[in-house]
Every structure is written in structure tokens, then in C-alpha cells.
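Both of the next two complexes hold chain A, though its partner changes from chain B to chain C.
Moving on to the complex of A and B:
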């Protein structure tokens, strides 16, 4: 036990710092991905045929490639074009690009789940397009999307571990550094796992709260 | 009559209880000693050696053009298999990334590890090392275009240096070029990509690997002439606490460096480094 206490004293702050990186990367990327996903969804919904097809193509490409590819391309490729963003920004942008594609599809699924007669009913009531959207469409999309969005947030949080490949010292990289320094096999990764579990648990609570607040409005 | 029999049976039953307990105790002690059986016996019984290694550290352990695992440390492992079984091919390699080495040893997945692995006091708390079988050190490779000629040049805020995630490099960077910015990768390929893409101006890498890359693929790089510190030790590593197995491996390394296996050692040293190894003994003239 004393061994572990010494270990925590030596590396505790390093872990907290790494956890802060993981959490802030996940939160900021998720907010940006929500916005980007919503933009894509509106383009898909209200743009012309070609806009819709372009969005579809984007979604297909980004959803069907491992996120490590955009991470590498942006981090190692952009400097060749003279764009030298910090590693965390490169990784965050890659996560936003992919998760935006997923979130666009989540919104689209939520939209498709609305029975068509409701739109007919809204029109026959004489609702203007904006009121129609605000009062009929949007609340239902949100209710339908929230569980899937919560899921996506969990996936995004775990994908931040891939940024260890491009020098971001987040939880996974911190564990790798410590296991290399001390030759300890499991402990560094178990500590990281506890942090991840706690964050995912918090996300699940938030998802439940969000669901409740929308449902009983 | 029956009553007497009952008494006898009861007596037997009573005496059986401690007997059973004693048997259980002996069995558990036997099981315990079975667990403490040396890895050496296990290896000999299995008839092959399982070795954890890396696949990305030429010329120690890497994949050649045909995709086969080769290198100086791979040959050292084969010499160990040959010493155990008179057959260098009675060996199985487990290829991992650098931070996968320790779980492979601790879990018992592999009997021993070898492959560009440097002895470090922090590591020796949880992993056992043999004596060193080769010197190592860390060199700096710089992009020729960066115009860096010495460590003093490098120690400026405008420069970025790519490290691997091991303690040797972190400690040296802090001691020798504290002003330069450090970025940390988990693979050598990440370090090279970083310099090629202009994210970093220089990278730290094991000296033999640096020499190998500079001579073969990375012609737009050069190796800074100064060795950063005195030389370090690369060794075979294993799970601590198994004296018999450690002793065999350490004896093997000793024989390799200074004894009966020195001719073979000189042979593979020539093959991978194109020069003679350090002399067999300090009071003997250099090899051959």
C-alpha cells in the first residue's frame, strides 16, 4: 500500500494534468462536433440535390475511415502546406470532422423517426416554416437523438486516446510514459482506466438529465 | 459387538480428520512449489524459447524487405535458443511496441525480452536485467536543412526536438537542451515523420539506430557528432525473482561477451555493425 502511495505522490499531478487534457479535449470537440453535425444536417435537409449528395459523400468517407487517418493527415500533412497548428488542435479538428459526420446521421435518424402526418398536420394548421420547425420538428429530433448523442460523446471521449500518437500528453500517453519509465506493466493503465470510467459515468448521468429535461417540457 | 465397531469407526474417523488436513497442506505446498518452478525448467520442457521483442529498432530488431524479423538482438536471441536446444530456430518471437514489453514479461507471455532495451534504474525495480551485451547511447539526428551543428546550437527556444516516450530521452533533454521544445511520440516512425514534415528540427534516437538510418534511408538527416552522455547498457530482461533462469541468461550473456561464445558474438557484431566488437577482455588485443 505504501508503495502505491509513493507512486501516487510522485505521479498524481501528472495524471490530473493528463485527465484535464482528456476531458477538455473531449468536451470542446463534442461541442464543436454538435455544431458541425447540425450544420451538415441542415445542409442535407434543405440544400439542393448536389449539396445533399456532397454531404452524403462527406459522411460516408469520414464515417468509414479510422479516425487515426485524419489525425495523422492533419498533424503531419498540414505542415507541408505551411499550416502548423498545435497537436491538440490538429487532433481536436480530426475528431470534430469525424464525429460531425456521425452526429449529422444521428440528427437525420431523429428527423426520419417523426411520422409524416405530423408535418401534414402542421401545414394544415397554417404554421409558418420556422414555427413548424421550432414547435414540431426540433423538439422531437432532440428527444430521439439524445440517447445516441450520449453514446457518441462516450465514443469521442475514448477516441481522444488516439491523440497519444501525435504527442498530446493525455491519459493514455501519460500511462505509456510512466510504464516506460518504471517498467510497471499494469498500474499506469489501470489508473487511466479509473479516470476514463469516472468520466464516462459522468457523461451517462448528463445524458439522463438531458433526456429528462427535454421529455417533460 | 456392533457398539464396539461403532467406537472403532468413530476413532478412525476422528484420526482421519487431521490426516486429511495434513494431506491438503502437503498438496498445497506441492502446488506452491510447482508454481515456483523455474522458467528455465519450463523452457527446457517446452523445447522452445518465447522472446518478446520490438520490430522497429534497426539494426537491433526490425522487419527486412521480405517482412522477416531480423537484427543483432534477434541473432542474440537465436544464439540463446541454440545454447539451450542446439537449434537457433527453436524460438518464437512476440513483437510488441515499446510499452508492450513490460506486460509481456510480467504476465509470463514471454520467457525473456531482448531488442534495443536499455537498462535503467527505475525499470530495474520491476524488471530483472542480465549484464549488458552491447553498449548503447542516444544520438541526435537533425534535418540537414536546419543548420544545427552542435548541442549548443540546439539549445534554443526556436527548436523542437522529437523524443520517444522513454525516460532516458526525457531526462537527457531536460539536462542538455532545456530551452528546446520537446514533443513525445510512441514510435520512431512518428519521430521521423515529425522531422520530415517540419514539426520538429531534430530527434533523439538510440545511437546504433541513428547510424543505421543515416547510412541507409535517411540521407537528408545527419547525426550530431557528440554522444550526449557516456554510454549506456542494453541487456536481456526477464521477470524478477527467478534466480535459476536469471543465472542461466546472465551466464549466457557473460559467455557471449567474454567467453566461449565470443567468436559467434564477433560474427554477428560484424554482420550488423560492420566493425569489430569491443575486445573479449580488456587485457587482450581487439577481436580477430
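Moving on to the complex of A and C:
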């Protein structure tokens, strides 16, 4: 038991710090991705044919390539343009670009699940298109999207581990550093896994709570 | 310095290696998932609990962390291990968890009366599985199954970090040598896109075909 305590005392703060990085990267990126996904969705919905097609192309490309590519694109590519961002920002922006594409698709799925007769109903009630969208359509899209958004948040949280490839000291990087520094084979990774599982579990609980708060469906 | 034609050739080779890694782990992962799914429906609570634990742990940790964990742990127990072996093991475990959930969803989609019908017809258990439930589950699960296959191709890129030489690592090497970031990444993106999009399209086409024959979930 004593050696565990010594280990905890020596590396506990390092882990907490790394976990805080992982969590704040995930939370900030997710909020930004929600906004970016909503922007893409509105462009897809109300833009002209060419706008809709460009959004589709963007979504398809980012959905069908691994996240590491946009991460490398920004981390290695932007300095060539004279844009020097810290690695964490580069990685965060890459995560936002990719997850925005997924979230756009989630919103689109939620939109498609709405019955078309509602448009006729709204028209016969004399609702303006914008009022109809804001008061009737949008809440339904959001509610339909909750489970998928929760899922996406988990995926994003896990994808922050990839930022270790561009020197961001988050949980995965920290445990790799500790493995190499302490010479322990794999224990640091197990500790990191516990942190990730706790966060994923919390996200699942949050998703359930969000779903339960809108039982009117 | 711009990337050369030989770099392009190297990248296509690396892409085929990515595809090979993905296909190998899809095959092994499917086999493992077929063993896991029955656990979810086992009459013993402990089996169901183990199943849920496995799914939660594998789906709740990043693939990269799993890869590092398994790479270092195997190295500690068995001495040096090839990153390719470790990579295939990691992807297999990851995909097995995803596939098992896909299959479980498929079995749950089978309405209870169908089971009862089969039983009342006196079909033996194995025939029920082989002739009735199996084909239906296969139809239900094909689209999400192929979706996971797309994820397999993308997840293989993570293995670059434990020094598995595939498309992402090859791209990174070429970038570090030539600094031709945009062109190299564009080529990598096109290659990944071709692999993933092909699977995705195949899935859509199959989905439409199977739905047209009356196998969409709600029609049963």
C-alpha cells in the first residue's frame, strides 16, 4: 500500500493537471463544434444549391478521413502560412472542424425525423416561417439530437488523446511521459484509463439527465 | 521541397497496408464479436455483467490509450513485440466491442413473437438461429456493420503513434522530410477518403436493396 501512496503523492498532481487539460480541451472543443455544426447545418438548410453542395462535400471529406489528418494539417501547415498557434489550439481547432461535420449530420438527421405535415399545420395556423422554425422545428431537432450528441461528446473526449501526437500534455501524453520516466511498464496507462472511463461515465449520465428533462416527446 | 512521384508511390503502398490492417482486424473483430454477443443474452447474470464491463471499458477509453497500454504491457510480459501484432490486437478488441453492440442491436430488433412462432413450429434451436434469426440479424445489422468498418480504416491511423508504418505515419515522415504539408495531406486524405467512401457507398446501396425487399425494421 505504501508504494501506491508514494506513487500517488509523486504523480497525483501531474495526473490531475493532465486530466484538467483533457477535460477543458474536450469541453471547449465540443461547445465550439456545436456552434460550427449549427452554422454548417443552417448553411446546408437555407443556402443555395452550391452552398449546400459545398457543405456536403466538407462533411463527407471530414467524416471519411481520420482526425489525425486535420490535426497535422493545422499543426504542420499553419506555421508555413506564418500562423503560429500553440499546439493545444491547433489540436482544438482540428477537433472542432471534424466534430462540426459530424454534428451537422446529427442535426440534419434530427431535422429529417420531423414529420412533414407539421409544415402544413404551421402554415394553416399562420405561423411565419422563422417563428415556425424557432418555436416548433428547432426544439424538436435539439431533442432528437440529444443521444447522438452525447455519443459525439464521448468520441470527442476520446479523440483529445490524439493531441498527444502534437506534444499537448493531456492524459495520454502525461501517462506516456510517466511510463518512460518511471520505467513502469503500463500502470500509468491504467490510471489514465480510469480517468477517461470516469469522464465517459459522467457524460453518459449527463446525456440521460438531458433526455429525462424533456420527457414530453 | 515538393513531394515526388516516388513519395506518391510510397503513400499508395502505405494506404494498402492501412487497408490490410483494417481488413485483418475487421475479420478477427467480427469473429470475436460473434463469441461475445451471446454473452449479452446469456442466462447467467455474471456473463451479462462481464459483457457490459468489456464494452464499457473498450468503448470508454481512447484507441490510442488502448494501443499504448497493450503495446507496453505485451512488451513487458513477452519481451519486444512487433507494433503490427500489437496494432492488430488493439484494433481487434476495439472493433469486437463495436461489432458486438451492433449484433446485439440486431438480435434485439427481432420481435419476440417471431421466436415463439419458430418454437411453436417445433424448429430446433440451432435451426432457428441458422435459418430465421441469423439471416434477419444479418440484414438488420449490415448498414451499422459497414459503418464500423469505416471506423476501422480511420482508427488504423491511430496506430501510427505506436510506430506502425501505415498511411498516416508514411505521410508524417514525408512531411517531415519535404515540408510539403498541404500536398502530402491532400493525397493522404484522398486515399483515406477512397477507402472509407467506398465502404460507405457499398453500405448505402445494400441498405436500399434490402429495404426494397421488405426487410426494413418496421415492416416485419
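Convention: the second predicted complex is superposed on the first by the 213 of 217 C-alpha atoms of A that agree within 3 Å, B and C clash if a C-alpha of one lies under 4 Å from a C-alpha of the other, contacts with A are read in each partner's own complex, and residues count from 1 in each chain.
Heads up, the rule we're going with is that a residue touches a chain if its C-beta (ideal position, glycine included) is under 8 Å from a C-beta of that chain, and two chains touch if they have at least 3 such contacts.
From a predicted model like this one, the values you see are computed outputs, not experimental measurements.
Superposition of the two structures on chain A leads chain B and chain C into a clash. The wider contact with chain A, measured as residues touched, comes from C rather than the other of chain B and chain C. When the two structures are aligned on the shared chain, A:164 is found in touch with chain B and with chain C. Residue contacts after overlaying the shared chain place A:125 against neither chain B nor chain C. By the touch criterion stated above, A:66 is placed in contact with chain C alone, chain B being left untouched. In the superposition on chain A, contact of A:196 is made with chain C only, not with chain B. When the two complexes are overlaid on their common chain A, residue A:84 makes contact with chain B while staying clear of chain C.
Shared-chain residue A:76: touches chain B and chain C both. Of the two partner chains placed around the shared chain by superposition, chain B is the only one that A:181 touches, whereas chain C remains out of contact.
In the superposition on chain A, contact of A:206 is made with neither chain B nor chain C.
Once the two complexes are overlaid on chain A, the chain A residues touched by chain B in the first and by chain C in the second are 76-77, 80, 164-165, 176, 179, 185-186.
On the chain B side of its complex with chain A, the touching residues are 98-99, 102-103, 105-107, 120, 122-127, 165-167, 170, 183-187, 190, 193-194, 197-199. On the chain C side of its complex with chain A, the touching residues are 56-57, 59-65, 68-69, 72-73, 75-76, 150, 153-158, 160-161, 168, 171-172, 175, 179, 181-182, 185, 188-189, 192-193, 196-197, 200. Those residues of chain A that touch chain B in the complex are listed here as 75-77, 79-80, 84, 87, 164-167, 169, 173, 176-177, 179-186.
Those residues of chain A lying in contact with chain C across their complex are 60-61, 63-69, 72-73, 76-77, 80, 154, 158-162, 164-165, 171-172, 175-176, 179, 185-186, 189-190, 192-193, 196-197, 200-201.
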